[in-house]
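Take a look at the following structure, please.
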Amino acid sequence: MTAAAQMLATHPADAGGVDRDALVECIEACVACAQACTACADACLAEEMVTELRRCIRTNLNCADVCEATGRVLSRRTASDASLTRALLEACATACRACGDECGSHAEMHEHCRVCAEACRRCEQACRALLAALG
Amino acid sequence: MTAAAQMLATHPADAGGVDRDALVECIEACVACAQACTACADACLAEEMVTELRRCIRTNLNCADVCEATGRVLSRRTASDASLTRALLEACATACRACGDECGSHAEMHEHCRVCAEACRRCEQACRALLAALG
Amino acid sequence: MTAAAQMLATHPADAGGVDRDALVECIEACVACAQACTACADACLAEEMVTELRRCIRTNLNCADVCEATGRVLSRRTASDASLTRALLEACATACRACGDECGSHAEMHEHCRVCAEACRRCEQACRALLAALG
Amino acid sequence: MTAAAQMLATHPADAGGVDRDALVECIEACVACAQACTACADACLAEEMVTELRRCIRTNLNCADVCEATGRVLSRRTASDASLTRALLEACATACRACGDECGSHAEMHEHCRVCAEACRRCEQACRALLAALG
(Lines give C-alpha, C1' and ligand atoms only; values in the text may rest on other atoms or scores of the structure.)
Protein backbone atom coordinates (compact mmCIF):
# COMPACT_ATOMS: atom_id res chain seq x y z
CA MET A 1 0.00 0.00 0.00
CA THR A 2 1.29 3.44 -0.83
CA ALA A 3 1.45 6.08 1.89
CA ALA A 4 -1.58 7.83 0.37
CA ALA A 5 -3.59 4.62 0.50
CA GLN A 6 -2.49 3.94 4.07
CA MET A 7 -3.43 7.46 5.14
CA LEU A 8 -6.92 7.05 3.70
CA ALA A 9 -7.35 3.61 5.28
CA THR A 10 -6.40 4.94 8.71
CA HIS A 11 -8.61 8.05 8.64
CA PRO A 12 -11.32 8.01 11.32
CA ALA A 13 -13.93 9.22 8.83
CA ASP A 14 -14.98 6.72 6.20
CA ALA A 15 -14.35 7.63 2.58
CA GLY A 16 -17.78 9.28 2.57
CA GLY A 17 -19.31 6.57 0.46
CA VAL A 18 -16.79 7.30 -2.26
CA ASP A 19 -15.01 4.60 -4.22
CA ARG A 20 -11.84 4.38 -2.16
CA ASP A 21 -9.68 3.09 -5.00
CA ALA A 22 -10.78 5.93 -7.27
CA LEU A 23 -10.01 8.44 -4.54
CA VAL A 24 -6.54 7.06 -3.80
CA GLU A 25 -5.66 6.84 -7.49
CA CYS A 26 -6.72 10.43 -7.99
CA ILE A 27 -4.71 11.70 -5.01
CA GLU A 28 -1.63 9.85 -6.23
CA ALA A 29 -2.11 10.97 -9.81
CA CYS A 30 -2.46 14.62 -8.72
CA VAL A 31 0.64 14.49 -6.57
CA ALA A 32 2.73 12.80 -9.29
CA CYS A 33 1.42 15.14 -11.97
CA ALA A 34 2.19 18.26 -9.96
CA GLN A 35 5.81 17.14 -9.61
CA ALA A 36 6.14 16.11 -13.26
CA CYS A 37 4.76 19.45 -14.45
CA THR A 38 7.08 21.42 -12.18
CA ALA A 39 10.04 19.45 -13.51
CA CYS A 40 8.89 19.64 -17.13
CA ALA A 41 8.43 23.41 -16.98
CA ASP A 42 12.02 23.65 -15.78
CA ALA A 43 13.32 21.24 -18.41
CA CYS A 44 11.57 23.22 -21.15
CA LEU A 45 13.12 26.39 -19.73
CA ALA A 46 16.57 24.85 -20.14
CA GLU A 47 15.98 23.80 -23.77
CA GLU A 48 17.67 25.71 -26.60
CA MET A 49 14.30 26.20 -28.28
CA VAL A 50 12.71 27.76 -25.21
CA THR A 51 11.08 30.44 -27.37
CA GLU A 52 8.84 27.73 -28.87
CA LEU A 53 8.05 26.27 -25.48
CA ARG A 54 6.53 29.31 -23.75
CA ARG A 55 2.99 28.00 -23.90
CA CYS A 56 4.21 24.62 -22.68
CA ILE A 57 6.03 26.12 -19.72
CA ARG A 58 3.10 28.22 -18.71
CA THR A 59 0.63 25.37 -19.11
CA ASN A 60 2.88 23.16 -16.98
CA LEU A 61 3.07 25.80 -14.24
CA ASN A 62 -0.71 26.14 -14.15
CA CYS A 63 -1.21 22.39 -14.14
CA ALA A 64 1.23 21.92 -11.25
CA ASP A 65 -0.62 24.45 -9.13
CA VAL A 66 -4.08 23.06 -9.85
CA CYS A 67 -3.03 19.43 -9.32
CA GLU A 68 -1.39 20.33 -6.05
CA ALA A 69 -4.48 22.08 -4.71
CA THR A 70 -6.68 19.21 -5.88
CA GLY A 71 -4.47 16.58 -4.27
CA ARG A 72 -4.67 18.47 -1.00
CA VAL A 73 -8.43 18.96 -1.03
CA LEU A 74 -8.97 15.29 -1.90
CA SER A 75 -6.74 14.32 1.03
CA ARG A 76 -9.17 15.97 3.45
CA ARG A 77 -12.02 13.65 4.36
CA THR A 78 -13.43 15.44 7.43
CA ALA A 79 -16.87 16.90 6.69
CA SER A 80 -16.24 16.39 2.99
CA ASP A 81 -17.66 19.02 0.64
CA ALA A 82 -18.96 17.41 -2.56
CA SER A 83 -19.71 20.57 -4.52
CA LEU A 84 -16.20 21.93 -4.06
CA THR A 85 -14.70 18.53 -4.84
CA ARG A 86 -16.62 18.35 -8.11
CA ALA A 87 -15.77 21.89 -9.18
CA LEU A 88 -12.09 21.39 -8.42
CA LEU A 89 -11.96 18.02 -10.20
CA GLU A 90 -13.45 19.71 -13.28
CA ALA A 91 -10.77 22.39 -13.13
CA CYS A 92 -8.05 19.80 -12.61
CA ALA A 93 -9.24 17.66 -15.52
CA THR A 94 -9.30 20.80 -17.68
CA ALA A 95 -5.75 21.71 -16.65
CA CYS A 96 -4.48 18.17 -17.27
CA ARG A 97 -6.22 17.93 -20.63
CA ALA A 98 -4.59 21.17 -21.80
CA CYS A 99 -1.20 20.21 -20.42
CA GLY A 100 -1.33 16.67 -21.77
CA ASP A 101 -2.17 18.05 -25.21
CA GLU A 102 0.52 20.73 -25.08
CA CYS A 103 3.28 18.45 -23.78
CA GLY A 104 2.09 15.76 -26.17
CA SER A 105 2.69 18.14 -29.08
CA HIS A 106 6.37 18.32 -28.09
CA ALA A 107 6.78 14.69 -27.07
CA GLU A 108 8.70 13.53 -30.12
CA MET A 109 11.21 16.33 -29.72
CA HIS A 110 11.54 16.31 -25.94
CA GLU A 111 11.48 13.17 -23.82
CA HIS A 112 10.56 15.09 -20.68
CA CYS A 113 7.41 16.30 -22.46
CA ARG A 114 6.53 12.72 -23.34
CA VAL A 115 6.85 11.63 -19.70
CA CYS A 116 4.90 14.65 -18.49
CA ALA A 117 2.11 14.10 -21.02
CA GLU A 118 1.66 10.59 -19.60
CA ALA A 119 1.39 11.97 -16.07
CA CYS A 120 -1.21 14.48 -17.26
CA ARG A 121 -3.26 11.86 -19.09
CA ARG A 122 -3.22 9.63 -16.01
CA CYS A 123 -4.36 12.51 -13.84
CA GLU A 124 -7.08 13.64 -16.25
CA GLN A 125 -8.46 10.11 -16.34
CA ALA A 126 -8.30 9.78 -12.58
CA CYS A 127 -10.18 13.06 -12.11
CA ARG A 128 -12.90 12.06 -14.58
CA ALA A 129 -13.19 8.61 -13.02
CA LEU A 130 -13.61 10.11 -9.57
CA LEU A 131 -16.14 12.63 -10.88
CA ALA A 132 -18.14 9.71 -12.30
CA ALA A 133 -17.84 7.83 -9.01
CA LEU A 134 -19.12 10.87 -7.11
CA GLY A 135 -22.21 10.80 -9.32
CA MET B 1 -0.79 50.96 -7.26
CA THR B 2 -0.37 47.69 -5.45
CA ALA B 3 2.44 45.32 -6.46
CA ALA B 4 -0.09 43.03 -8.14
CA ALA B 5 -1.45 45.93 -10.20
CA GLN B 6 2.06 47.07 -11.11
CA MET B 7 3.02 43.55 -12.19
CA LEU B 8 0.02 43.33 -14.49
CA ALA B 9 0.66 46.78 -15.95
CA THR B 10 4.27 45.90 -16.75
CA HIS B 11 3.56 42.52 -18.34
CA PRO B 12 4.53 42.38 -22.03
CA ALA B 13 1.28 40.60 -22.91
CA ASP B 14 -1.86 42.68 -22.71
CA ALA B 15 -4.51 41.56 -20.25
CA GLY B 16 -5.94 39.45 -23.06
CA GLY B 17 -8.93 41.71 -23.54
CA VAL B 18 -9.90 41.11 -19.93
CA ASP B 19 -11.13 43.87 -17.64
CA ARG B 20 -7.83 44.75 -15.98
CA ASP B 21 -9.40 46.09 -12.80
CA ALA B 22 -11.46 42.94 -12.35
CA LEU B 23 -8.37 40.82 -12.85
CA VAL B 24 -6.24 42.74 -10.36
CA GLU B 25 -9.02 42.78 -7.76
CA CYS B 26 -9.43 39.03 -8.12
CA ILE B 27 -5.71 38.33 -7.79
CA GLU B 28 -5.50 40.51 -4.70
CA ALA B 29 -8.65 39.01 -3.20
CA CYS B 30 -7.36 35.47 -3.74
CA VAL B 31 -4.00 36.22 -2.17
CA ALA B 32 -5.56 37.97 0.85
CA CYS B 33 -8.17 35.24 1.28
CA ALA B 34 -5.61 32.45 1.18
CA GLN B 35 -3.68 34.10 4.02
CA ALA B 36 -6.80 34.86 6.05
CA CYS B 37 -8.04 31.28 5.76
CA THR B 38 -4.66 29.84 6.77
CA ALA B 39 -4.63 32.12 9.82
CA CYS B 40 -8.28 31.46 10.68
CA ALA B 41 -7.83 27.69 10.53
CA ASP B 42 -4.98 28.07 13.02
CA ALA B 43 -6.95 30.42 15.27
CA CYS B 44 -9.88 27.98 15.32
CA LEU B 45 -7.45 25.21 16.18
CA ALA B 46 -6.34 27.20 19.23
CA GLU B 47 -9.89 27.83 20.47
CA GLU B 48 -11.20 25.95 23.52
CA MET B 49 -14.22 24.85 21.52
CA VAL B 50 -12.14 23.34 18.73
CA THR B 51 -14.41 20.29 18.64
CA GLU B 52 -17.18 22.50 17.26
CA LEU B 53 -14.87 24.11 14.74
CA ARG B 54 -13.70 21.04 12.81
CA ARG B 55 -15.76 21.81 9.73
CA CYS B 56 -14.61 25.42 9.87
CA ILE B 57 -10.95 24.44 10.08
CA ARG B 58 -11.24 22.04 7.23
CA THR B 59 -13.19 24.47 5.06
CA ASN B 60 -10.57 27.14 5.74
CA LEU B 61 -7.74 24.79 4.74
CA ASN B 62 -9.47 23.91 1.47
CA CYS B 63 -10.25 27.54 0.72
CA ALA B 64 -6.66 28.59 1.33
CA ASP B 65 -5.37 26.01 -1.13
CA VAL B 66 -7.89 26.81 -3.86
CA CYS B 67 -7.46 30.60 -3.52
CA GLU B 68 -3.71 30.22 -3.70
CA ALA B 69 -3.82 28.15 -6.88
CA THR B 70 -6.33 30.57 -8.42
CA GLY B 71 -4.23 33.61 -7.55
CA ARG B 72 -1.25 31.98 -9.23
CA VAL B 73 -3.05 30.97 -12.40
CA LEU B 74 -4.60 34.43 -12.73
CA SER B 75 -1.11 35.96 -12.36
CA ARG B 76 -0.01 34.18 -15.55
CA ARG B 77 -0.96 36.11 -18.65
CA THR B 78 1.23 34.39 -21.25
CA ALA B 79 -0.86 32.39 -23.70
CA SER B 80 -3.82 32.70 -21.37
CA ASP B 81 -6.17 29.69 -21.17
CA ALA B 82 -9.78 30.84 -20.80
CA SER B 83 -11.37 27.44 -20.18
CA LEU B 84 -9.05 26.65 -17.29
CA THR B 85 -9.49 30.15 -15.88
CA ARG B 86 -13.26 29.79 -15.90
CA ALA B 87 -13.25 26.33 -14.32
CA LEU B 88 -10.86 27.42 -11.60
CA LEU B 89 -12.82 30.62 -10.86
CA GLU B 90 -15.94 28.47 -10.45
CA ALA B 91 -14.10 26.23 -7.99
CA CYS B 92 -12.70 29.23 -6.13
CA ALA B 93 -16.09 30.92 -5.88
CA THR B 94 -17.51 27.64 -4.56
CA ALA B 95 -14.76 27.34 -1.95
CA CYS B 96 -15.17 30.95 -0.86
CA ARG B 97 -18.96 30.66 -0.67
CA ALA B 98 -18.69 27.60 1.59
CA CYS B 99 -15.97 29.16 3.73
CA GLY B 100 -17.70 32.51 4.00
CA ASP B 101 -20.87 30.75 5.14
CA GLU B 102 -19.05 28.51 7.60
CA CYS B 103 -16.92 31.26 9.12
CA GLY B 104 -19.93 33.54 9.09
CA SER B 105 -21.81 31.04 11.28
CA HIS B 106 -19.11 31.48 13.95
CA ALA B 107 -18.58 35.20 13.48
CA GLU B 108 -20.40 36.37 16.57
CA MET B 109 -18.42 34.02 18.76
CA HIS B 110 -15.01 34.39 17.12
CA GLU B 111 -13.69 37.66 15.74
CA HIS B 112 -11.16 35.88 13.52
CA CYS B 113 -14.05 34.09 11.83
CA ARG B 114 -15.76 37.41 11.20
CA VAL B 115 -12.65 38.84 9.56
CA CYS B 116 -12.13 35.69 7.53
CA ALA B 117 -15.74 35.61 6.36
CA GLU B 118 -15.26 39.13 4.97
CA ALA B 119 -12.16 38.02 3.06
CA CYS B 120 -14.09 35.06 1.64
CA ARG B 121 -17.06 37.21 0.57
CA ARG B 122 -14.70 39.67 -1.12
CA CYS B 123 -12.99 36.84 -2.95
CA GLU B 124 -16.22 35.12 -3.99
CA GLN B 125 -17.50 38.40 -5.41
CA ALA B 126 -14.25 39.07 -7.21
CA CYS B 127 -14.28 35.60 -8.78
CA ARG B 128 -17.88 35.98 -9.95
CA ALA B 129 -17.20 39.48 -11.28
CA LEU B 130 -14.22 38.22 -13.25
CA LEU B 131 -16.23 35.27 -14.57
CA ALA B 132 -18.85 37.73 -15.80
CA ALA B 133 -16.16 39.90 -17.38
CA LEU B 134 -14.71 36.87 -19.18
CA GLY B 135 -18.10 36.35 -20.78
CA MET C 1 -5.49 47.31 9.65
CA THR C 2 -4.83 44.83 6.90
CA ALA C 3 -6.54 41.45 6.97
CA ALA C 4 -3.25 39.82 8.02
CA ALA C 5 -2.91 42.23 10.94
CA GLN C 6 -6.53 41.67 11.94
CA MET C 7 -6.10 37.90 11.83
CA LEU C 8 -3.07 38.08 14.12
CA ALA C 9 -4.83 40.45 16.53
CA THR C 10 -7.84 38.13 16.81
CA HIS C 11 -5.87 34.90 17.33
CA PRO C 12 -6.51 33.30 20.73
CA ALA C 13 -2.80 32.63 21.20
CA ASP C 14 -0.61 35.64 21.84
CA ALA C 15 2.12 36.39 19.32
CA GLY C 16 4.40 34.16 21.42
CA GLY C 17 6.38 37.09 22.74
CA VAL C 18 7.28 38.04 19.19
CA ASP C 19 7.29 41.60 17.93
CA ARG C 20 3.82 41.70 16.42
CA ASP C 21 4.59 44.41 13.90
CA ALA C 22 7.62 42.53 12.64
CA LEU C 23 5.53 39.39 12.29
CA VAL C 24 2.71 41.09 10.39
CA GLU C 25 5.13 42.90 8.08
CA CYS C 26 6.88 39.64 7.30
CA ILE C 27 3.65 37.78 6.56
CA GLU C 28 2.50 40.58 4.26
CA ALA C 29 5.87 40.84 2.57
CA CYS C 30 5.98 37.10 1.93
CA VAL C 31 2.49 37.05 0.47
CA ALA C 32 3.14 40.05 -1.78
CA CYS C 33 6.52 38.71 -2.87
CA ALA C 34 5.14 35.31 -3.78
CA GLN C 35 2.59 36.93 -6.09
CA ALA C 36 5.10 39.35 -7.60
CA CYS C 37 7.55 36.54 -8.35
CA THR C 38 4.86 34.38 -9.94
CA ALA C 39 3.84 37.30 -12.15
CA CYS C 40 7.43 38.30 -12.95
CA ALA C 41 8.36 34.76 -13.98
CA ASP C 42 5.44 34.84 -16.39
CA ALA C 43 6.30 38.30 -17.69
CA CYS C 44 9.90 37.22 -18.33
CA LEU C 45 8.57 34.16 -20.14
CA ALA C 46 6.66 36.46 -22.50
CA GLU C 47 9.66 38.67 -23.27
CA GLU C 48 11.37 38.42 -26.65
CA MET C 49 14.71 37.92 -24.91
CA VAL C 50 13.48 34.98 -22.86
CA THR C 51 16.70 33.08 -23.58
CA GLU C 52 18.57 35.61 -21.42
CA LEU C 53 15.98 35.44 -18.67
CA ARG C 54 16.11 31.72 -17.86
CA ARG C 55 17.92 32.18 -14.57
CA CYS C 56 15.56 34.99 -13.67
CA ILE C 57 12.49 32.89 -14.38
CA ARG C 58 13.77 29.99 -12.38
CA THR C 59 14.86 32.17 -9.47
CA ASN C 60 11.41 33.79 -9.45
CA LEU C 61 9.68 30.41 -9.38
CA ASN C 62 11.80 29.26 -6.43
CA CYS C 63 11.27 32.50 -4.57
CA ALA C 64 7.50 32.32 -5.04
CA ASP C 65 7.38 28.82 -3.56
CA VAL C 66 9.59 29.62 -0.58
CA CYS C 67 7.81 32.90 0.23
CA GLU C 68 4.46 31.16 0.05
CA ALA C 69 5.50 28.42 2.46
CA THR C 70 7.06 30.97 4.81
CA GLY C 71 3.96 33.17 4.80
CA ARG C 72 1.86 30.15 5.71
CA VAL C 73 4.09 28.92 8.52
CA LEU C 74 4.32 32.44 9.99
CA SER C 75 0.50 32.65 9.91
CA ARG C 76 0.28 29.71 12.33
CA ARG C 77 0.67 30.80 15.93
CA THR C 78 -0.61 27.71 17.74
CA ALA C 79 2.21 25.92 19.59
CA SER C 80 4.71 27.96 17.64
CA ASP C 81 7.99 26.23 16.67
CA ALA C 82 10.91 28.66 16.87
CA SER C 83 13.56 26.41 15.33
CA LEU C 84 11.51 25.78 12.20
CA THR C 85 10.57 29.46 11.96
CA ARG C 86 14.23 30.48 12.08
CA ALA C 87 15.35 27.89 9.54
CA LEU C 88 12.58 28.86 7.14
CA LEU C 89 13.22 32.60 7.53
CA GLU C 90 16.88 31.95 6.66
CA ALA C 91 15.83 30.06 3.53
CA CYS C 92 13.35 32.78 2.60
CA ALA C 93 15.87 35.57 3.08
CA THR C 94 18.30 33.57 0.90
CA ALA C 95 15.70 33.13 -1.83
CA CYS C 96 14.71 36.80 -1.74
CA ARG C 97 18.33 37.95 -1.80
CA ALA C 98 19.03 35.85 -4.90
CA CYS C 99 15.84 36.91 -6.61
CA GLY C 100 16.24 40.57 -5.73
CA ASP C 101 19.76 40.50 -7.17
CA GLU C 102 18.72 38.63 -10.30
CA CYS C 103 15.64 40.75 -11.02
CA GLY C 104 17.64 43.83 -10.12
CA SER C 105 20.14 42.97 -12.84
CA HIS C 106 17.32 43.20 -15.42
CA ALA C 107 15.51 46.14 -13.87
CA GLU C 108 16.61 48.78 -16.34
CA MET C 109 15.48 46.67 -19.26
CA HIS C 110 12.27 45.28 -17.79
CA GLU C 111 9.95 47.26 -15.54
CA HIS C 112 8.35 44.11 -14.13
CA CYS C 113 11.80 43.04 -12.90
CA ARG C 114 12.23 46.40 -11.19
CA VAL C 115 8.91 46.03 -9.37
CA CYS C 116 9.68 42.45 -8.44
CA ALA C 117 13.15 43.32 -7.13
CA GLU C 118 11.51 45.81 -4.77
CA ALA C 119 9.14 43.15 -3.48
CA CYS C 120 12.08 40.80 -2.92
CA ARG C 121 14.14 43.42 -1.08
CA ARG C 122 11.17 44.23 1.15
CA CYS C 123 10.70 40.57 1.93
CA GLU C 124 14.38 39.90 2.58
CA GLN C 125 14.48 42.82 5.01
CA ALA C 126 11.31 41.68 6.73
CA CYS C 127 12.68 38.16 7.15
CA ARG C 128 15.96 39.42 8.60
CA ALA C 129 14.15 41.85 10.89
CA LEU C 130 11.93 39.08 12.21
CA LEU C 131 14.95 36.79 12.67
CA ALA C 132 16.58 39.52 14.75
CA ALA C 133 13.38 39.99 16.75
CA LEU C 134 13.21 36.26 17.46
CA GLY C 135 16.66 36.50 19.05
CA MET D 1 11.69 4.32 -12.87
CA THR D 2 9.28 6.63 -11.13
CA ALA D 3 8.02 9.74 -12.92
CA ALA D 4 10.29 11.91 -10.77
CA ALA D 5 13.32 9.82 -11.75
CA GLN D 6 12.33 9.92 -15.41
CA MET D 7 11.87 13.69 -15.30
CA LEU D 8 15.35 14.15 -13.85
CA ALA D 9 16.90 11.77 -16.37
CA THR D 10 15.34 13.63 -19.29
CA HIS D 11 16.28 17.14 -18.15
CA PRO D 12 18.65 18.91 -20.54
CA ALA D 13 20.80 20.16 -17.66
CA ASP D 14 22.86 17.56 -15.86
CA ALA D 15 22.15 17.02 -12.18
CA GLY D 16 24.74 19.69 -11.41
CA GLY D 17 27.26 17.20 -10.17
CA VAL D 18 24.80 16.10 -7.52
CA ASP D 19 24.23 12.48 -6.59
CA ARG D 20 21.25 11.77 -8.81
CA ASP D 21 19.85 8.99 -6.62
CA ALA D 22 19.98 11.20 -3.55
CA LEU D 23 18.21 13.95 -5.43
CA VAL D 24 15.42 11.71 -6.74
CA GLU D 25 14.91 10.09 -3.35
CA CYS D 26 14.62 13.49 -1.72
CA ILE D 27 12.12 14.78 -4.28
CA GLU D 28 10.00 11.68 -3.88
CA ALA D 29 10.24 11.76 -0.11
CA CYS D 30 9.19 15.42 0.00
CA VAL D 31 6.22 14.85 -2.26
CA ALA D 32 5.04 11.79 -0.32
CA CYS D 33 5.58 13.50 3.03
CA ALA D 34 3.62 16.59 2.02
CA GLN D 35 0.63 14.41 1.14
CA ALA D 36 0.92 12.27 4.25
CA CYS D 37 1.07 15.33 6.51
CA THR D 38 -1.94 16.95 4.82
CA ALA D 39 -3.91 13.73 5.31
CA CYS D 40 -2.68 13.21 8.88
CA ALA D 41 -3.63 16.74 9.91
CA ASP D 42 -7.12 16.04 8.62
CA ALA D 43 -7.32 12.64 10.31
CA CYS D 44 -6.25 14.17 13.62
CA LEU D 45 -8.89 16.85 13.15
CA ALA D 46 -11.53 14.12 12.89
CA GLU D 47 -10.40 12.31 16.04
CA GLU D 48 -12.50 12.52 19.20
CA MET D 49 -9.43 13.63 21.14
CA VAL D 50 -8.70 16.53 18.79
CA THR D 51 -7.99 18.81 21.76
CA GLU D 52 -4.86 16.77 22.49
CA LEU D 53 -3.80 16.81 18.87
CA ARG D 54 -3.58 20.56 18.25
CA ARG D 55 0.20 20.63 18.19
CA CYS D 56 0.22 17.58 15.94
CA ILE D 57 -2.20 19.15 13.49
CA ARG D 58 -0.29 22.36 13.33
CA THR D 59 3.07 20.62 12.98
CA ASN D 60 1.64 18.53 10.15
CA LEU D 61 0.34 21.62 8.33
CA ASN D 62 3.75 23.30 8.58
CA CYS D 63 5.55 20.17 7.46
CA ALA D 64 3.28 19.76 4.44
CA ASP D 65 3.98 23.31 3.29
CA VAL D 66 7.74 23.11 3.75
CA CYS D 67 8.03 19.69 2.08
CA GLU D 68 5.99 20.89 -0.85
CA ALA D 69 8.15 23.96 -1.41
CA THR D 70 11.31 21.86 -1.04
CA GLY D 71 10.10 19.24 -3.51
CA ARG D 72 9.42 21.98 -6.04
CA VAL D 73 12.75 23.75 -5.63
CA LEU D 74 14.62 20.44 -5.88
CA SER D 75 12.73 19.68 -9.11
CA ARG D 76 14.26 22.75 -10.77
CA ARG D 77 17.70 22.03 -12.18
CA THR D 78 18.18 25.03 -14.47
CA ALA D 79 20.89 27.36 -13.11
CA SER D 80 20.75 25.53 -9.80
CA ASP D 81 21.25 27.64 -6.65
CA ALA D 82 23.22 25.70 -4.04
CA SER D 83 22.88 28.16 -1.17
CA LEU D 84 19.09 28.23 -1.38
CA THR D 85 18.96 24.46 -1.77
CA ARG D 86 21.02 23.98 1.40
CA ALA D 87 19.01 26.47 3.45
CA LEU D 88 15.73 24.94 2.35
CA LEU D 89 16.91 21.38 3.01
CA GLU D 90 17.87 22.46 6.53
CA ALA D 91 14.39 23.91 7.05
CA CYS D 92 12.77 20.80 5.62
CA ALA D 93 14.82 18.45 7.78
CA THR D 94 13.86 20.59 10.80
CA ALA D 95 10.18 20.43 9.90
CA CYS D 96 10.30 16.67 9.33
CA ARG D 97 12.19 16.05 12.55
CA ALA D 98 9.59 17.97 14.56
CA CYS D 99 6.69 16.32 12.76
CA GLY D 100 8.17 12.83 12.97
CA ASP D 101 8.65 13.31 16.70
CA GLU D 102 5.19 14.75 17.25
CA CYS D 103 3.36 12.13 15.16
CA GLY D 104 5.57 9.48 16.67
CA SER D 105 4.34 10.46 20.13
CA HIS D 106 0.77 9.60 19.03
CA ALA D 107 1.65 6.57 16.93
CA GLU D 108 0.45 3.92 19.37
CA MET D 109 -2.92 5.61 19.69
CA HIS D 110 -3.45 6.64 16.07
CA GLU D 111 -2.36 4.53 13.12
CA HIS D 112 -2.40 7.53 10.75
CA CYS D 113 0.19 9.17 13.00
CA ARG D 114 2.36 6.06 12.79
CA VAL D 115 2.24 6.10 8.99
CA CYS D 116 2.91 9.83 8.88
CA ALA D 117 5.84 9.58 11.25
CA GLU D 118 7.44 7.07 8.87
CA ALA D 119 7.00 9.46 5.96
CA CYS D 120 8.57 12.26 8.00
CA ARG D 121 11.55 10.12 9.06
CA ARG D 122 12.12 9.07 5.45
CA CYS D 123 12.02 12.69 4.34
CA GLU D 124 14.29 13.93 7.12
CA GLN D 125 16.85 11.27 6.22
CA ALA D 126 16.60 12.07 2.53
CA CYS D 127 17.13 15.78 3.20
CA ARG D 128 20.16 15.13 5.40
CA ALA D 129 21.59 12.66 2.88
CA LEU D 130 21.24 15.19 0.08
CA LEU D 131 22.79 17.92 2.26
CA ALA D 132 25.76 15.63 2.82
CA ALA D 133 25.99 14.87 -0.90
CA LEU D 134 25.98 18.59 -1.70
CA GLY D 135 29.02 18.95 0.56
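Letters A, B, C and D name the chains as they come in the text, with residue numbers starting at 1 for each one.
By our rule, contacts are C-beta pairs under 8 Å (C-beta built on N, C-alpha and C of every residue); 3 or more make two chains touch, one makes a residue touch a chain.
Given the structure is predicted, the values throughout are model-derived calculations rather than measurements.
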item	value
Between subunit A and subunit C, the fewest steps along chains that touch one another	1
Pair of chains joined by more contacts [C-beta pairs], A-B or B-D	A-B
Far-end chain from subunit B, centres as C-alpha averages	D
Cα superposition angle of subunit C on its copy subunit D, in degrees to the nearest 5	180
CA centroid of subunit A to CA centroid of subunit B, Å	21
For subunit B paired with subunit D, centre-to-centre distance based on mean C-alpha positions, whole Å	27
Set of subunit A residues in contact with two or more other chains	42, 45-46, 54, 58, 61, 68, 72, 76, 78
Contact footprint of subunit A on subunit B as seen in their complex	54-55, 58-59, 61-62, 65-66, 68-69, 72-73, 76, 78-79, 81, 83-84, 87-88, 90-91, 94-95, 98
Subunit C contact footprint on subunit B (complex, rising order)	3-4, 6-8, 10-13, 27, 31-32, 34-36, 38-40, 42-43, 45-47, 64, 68, 71-72, 75-78, 110-112, 115-116, 118-119
Complex contacts: residues of subunit D adjacent to subunit B	41-42, 45-46, 50-51, 54, 57-58, 61
